[in-house]
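Have a look at the structure below before the remarks.
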Amino acid sequence: MLNIGLLGCGRIGQVHAGSLQRIDTARIAAVADAFPEAASALSARTGAAAVSADEIISSPDIDAVVIGTPTDTHFDLIDKSAKAGKAIFCEKPVDMSADRIRELITIVEAAGVPFLTGFNRRFDPGFASMKARIAAGEIGDVELVTILSRDPSPPPVSYVKSSGGLFRDMMIHDFDMARFLLGEEIVRVYATGSALVDPAIGEAGDVDTAVAVLATASGRICQISNSRRATYGYDQRAEVHGSLGLIKANNVPENNVEIASGAGFRSAPAQHFFLERYAGAYLAEMKHFIDCLTAGTSPSPGIRDGLAAQLIADAAAKSLETGVPVDLE
Amino acid sequence: MLNIGLLGCGRIGQVHAGSLQRIDTARIAAVADAFPEAASALSARTGAAAVSADEIISSPDIDAVVIGTPTDTHFDLIDKSAKAGKAIFCEKPVDMSADRIRELITIVEAAGVPFLTGFNRRFDPGFASMKARIAAGEIGDVELVTILSRDPSPPPVSYVKSSGGLFRDMMIHDFDMARFLLGEEIVRVYATGSALVDPAIGEAGDVDTAVAVLATASGRICQISNSRRATYGYDQRAEVHGSLGLIKANNVPENNVEIASGAGFRSAPAQHFFLERYAGAYLAEMKHFIDCLTAGTSPSPGIRDGLAAQLIADAAAKSLETGVPVDLE
Amino acid sequence: MLNIGLLGCGRIGQVHAGSLQRIDTARIAAVADAFPEAASALSARTGAAAVSADEIISSPDIDAVVIGTPTDTHFDLIDKSAKAGKAIFCEKPVDMSADRIRELITIVEAAGVPFLTGFNRRFDPGFASMKARIAAGEIGDVELVTILSRDPSPPPVSYVKSSGGLFRDMMIHDFDMARFLLGEEIVRVYATGSALVDPAIGEAGDVDTAVAVLATASGRICQISNSRRATYGYDQRAEVHGSLGLIKANNVPENNVEIASGAGFRSAPAQHFFLERYAGAYLAEMKHFIDCLTAGTSPSPGIRDGLAAQLIADAAAKSLETGVPVDLE
Amino acid sequence: MLNIGLLGCGRIGQVHAGSLQRIDTARIAAVADAFPEAASALSARTGAAAVSADEIISSPDIDAVVIGTPTDTHFDLIDKSAKAGKAIFCEKPVDMSADRIRELITIVEAAGVPFLTGFNRRFDPGFASMKARIAAGEIGDVELVTILSRDPSPPPVSYVKSSGGLFRDMMIHDFDMARFLLGEEIVRVYATGSALVDPAIGEAGDVDTAVAVLATASGRICQISNSRRATYGYDQRAEVHGSLGLIKANNVPENNVEIASGAGFRSAPAQHFFLERYAGAYLAEMKHFIDCLTAGTSPSPGIRDGLAAQLIADAAAKSLETGVPVDLE
């Protein structure tokens, strides 16, 4: 039975707590949050002790930490946890700065602690099955990847301003998915975008409608498109065109009811947003983390995957700014 | 090049004329209709001579007749055509009376002329492909057949009164489809129904909503349901459950466009009615007839299939009346 | 916080335990099972006390019992629990004998305790949404209901022998669904069936492939078909044809991945069996039970719904035996 | 009744002949081909006279010409036909050189003759319905367009060498579709590609897997991807994301049959190639041409649409070559 310390008791921390409660081989030993009420509330629901982050990290009884705090606190918590020998599950992005992620890689690898970067979509039953079937050769060689990703509605402009921009905040998930599905590193990025959903996002210096084209050394290509608004739910689709066929992961509807009338056949919208759509992914992700710790294997995606996606996001942001493609080393 | 005489220039006659114009190995040599204007109009469009039915049947230049006249004229036209040695394509139903169909079987078989009963649905690309795959063993042994069939809107009550009733007028197509898909003769029929769509249909002694359960000697079962009204187009579906799997023929939508909004995903209604839905079936049916004549093989479904469906319809009507299942000899 | 006593710690008892753990307003206070190991195991996983059924029923601390024991124990447990003033959630069937269910109705109604019959499918998100939309008038008047229900594989013949037969063991769910969707009582039942899946089932006096036709006083019709085997997963579909349109609840696939090759487009099988397909339904069902107890309202479906479905199953069994339709009082 | 002269009796000429035979208001008066046997064969099937192209163009009885000859003959035939006052339907591309198309625009507009450029996909029932619904405001403002287009198999390398390259030969259809769906002119093009399907295509200096990103002045974005090979049929999809919703035109399957087994649900491949997929589009396109001539209105897309698509293709080819986006004037 592994003892887990939960750092951050906000929305995503609560999701991870719910997952841990459904896993027999781990238990939430302690929870911490900068807002004591948040920690108390989660303590009450889970029976875990509400303590400080430092107490969790320094406790000899804690095997692993799950970090779901604001991004700007990640560096410090990872640094301390790694040095304390804790296994680490950290929400994406690991950090907004690629240089600082590089520093953390040095620290984490020196400490030799297991590290999972929270790219939850890799654990979605659809995307995971798609990846497994590509790996099994079902579509032959991967040639073209298409990823469509749209949020139900744009975040407040205040959030946008501190988000690092659409490429680092939203499309970063798709950059990780592109690497996951292409099976080869990205060498060139072209990106463009507009503020079509909310002019205030444009005034804040960001875009809300954007596309990217990624290419690998062997000539595989990935197209990504994002919009900050979709009236029909959280649109999360990917398809991979290969030499032997095509594989697609479609949206997950709210239910499987269909109604017909003179206006045609109507089925349910896509599940509303990430908490619904990726409920299964969050659970599978946590199970993977716990199973790796139990078995002594390395969780994946690791911290280097966190860096790789960040570097693509940086390149996309630069491409948008300069208007030309950007090469990755 | 086969010379075809078209008997009946109404709606279905025009469909058959259009099919014949697209077949290189046959030509419409002559057309006839009780209404001279109907024959003239089709003559103008096809270049075929407008003559009398008797002239067509007695002409030594005519190889085959296509009968699309009212049902009560079928007996006489088949009788004369068979005796004149013409190949015969006759619209369903061959006749409203099973006894008279038996008489015609004697005449047609004595004459040794090819005979095709116009159960057009067997030639629909979906149903034909389903049948071929069942025959190829793709779903193993056939166990349960489900047929759903709904017209877009009820016919006028005047039509209903002379139609022979829903089982002989509408469900007869499904009885033929049941035989086609079950691959075994029906031995027992239970049917029930109500007038839910239009009370005037009930007052006229008929039903507009009905179901039938058919069973074969080996215990295979078929369920059929009909409604005289479907707001979403012409509903024509069948599925067959077998020992190795299930095969379904879905509806054909008006187009393949899908639109998404907060209300969900909306796709097109089913094609409106039989002229649209079975356009391909009518062409394939005529090609089959012409190809059989050219090759000297027997068209199928033949006149005995016309009788078999009529006997099931008679049994269903009797079951509705008596409230109990009816055995077929 | 309601204290729940769980009677029966087998497969279904464990499902209900899992649901209760996810509901904040109730807790599992005690568990009981005829096999002490089963109770101990569930006690270990939930922290609830493992005691005897009688201790649960007589404990003043227990607010409600959840009965998931073998059917032949239901009568006694319901009788005692009702007399002890406990709210009752009992798995279907309430009892194999309609007469004994009538006795229980008298007892339960005299005791005035809330009673939920475990027809879990009513709580499936698809079927529940379908029902709500019918009730909201979206398809107008209900006319024709079609229910297709197929298990992935037949039970052992030993189970079949004591199951009460397909109509009471399997199709009873569909009879309840028919009542739920028709919104009107059934007055006549015709049923037929065969042993096509496994001859041993036929030798045991039962069928494994069966259909039923149900009719209401106003002429609404429902067709049900069952098979004990479906190679493509647990097939659970229903559709309702109404005066304004059609509503369907489709199967739930294992995932939403689609793969294309020269053989066409392939998507996932239906979810394997009831534990997967109805996971959401079991949770929603328990939430409904707990919410009703909290709010002081009556759970539904109640014990009279359990009787109604049993009477239809009895009538179907009699129809199969006699070959003719059976009227319900 | 309009008299049409058909220039070119190859595959596409035969398609247009078939369409004209189904249109009551026009007739094929004469056919011409550089290969006399081709003209004779089509003459035999249609009853039209087999003559020379010059005879058709100079005949006072001919109202319109349909040009389906090799691209390098278009200039001359359009030039002569326009000067002879004939209405013109010319297959795409009008010419491989944008400058020569500009010359033809001057000639055609000076002559004042109706001109239809054969971008057949605009007339596909799916794409046409999608465009109409966008124009009707059903999805609000257009923001993001995604076009996926894949041929079933690559052309011979000999063809590739003289094709003008993938962007001018294949993606040109998608460039026209992009303009059609975006409703705004393209101002910038980024394109990239690889030879992944057939290395010989790469050796011939072309690509077989390619993407393009198009942007309009107002910031609307279109992503296109092409592959010269799809194992599952002719993949022709487009979707438009707007402020109020999403609209998609899906592939058209070979039939609507679905088969289920332990491997899941399998449906038919997409229709094989353009002759099947766009059979309806070719007919609707010709009807549009004839209807415009009859009504005295201008056919659309016109010759300027032919130029616009060519300019985007030229820009895409240049972008592929230079590695950077290319601006259109």
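We just call them A, B, C and D in the order they show up, numbering each chain from 1.
Keep in mind that, in the parts below, a residue touches a chain if its C-beta (ideal position, glycine included) is under 8 Å from a C-beta of that chain, and two chains touch if they have at least 3 such contacts.
Since the model is a prediction, treat every value here as computed from it, not as a measurement.
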Of A-B and A-C, pair with higher C-beta contact tally: A-C
Chain whose Cα centroid lies at the greatest distance from that of chain B: A
Inter-chain centre distance, chain A versus chain C - centres from mean C-alpha coordinates, in Å: 39
Whole-Å gap between the CA centroids of chain A and chain B: 57
Residues within chain D bordering two or more other chains: 231-232, 244-246, 254, 260-262, 268
Chain-level touch network, classified as line, ring, star, complete or other: complete
Touch list for chain D against partner chain C, complex: 231-232, 253-254, 260-270
Chain B residues touching chain D - in the complex, by the definition given at the top: 21, 24, 45, 125-126, 129-130, 133, 138-139, 244-252, 254-262, 268
Chain B-touching residues of chain C, taken from the complex the two chains share: 141, 143-144, 146, 148, 150, 188, 190, 192-197, 209-211, 213, 215, 218-221, 223, 225, 227, 229-232, 235, 241, 243-246, 323-325
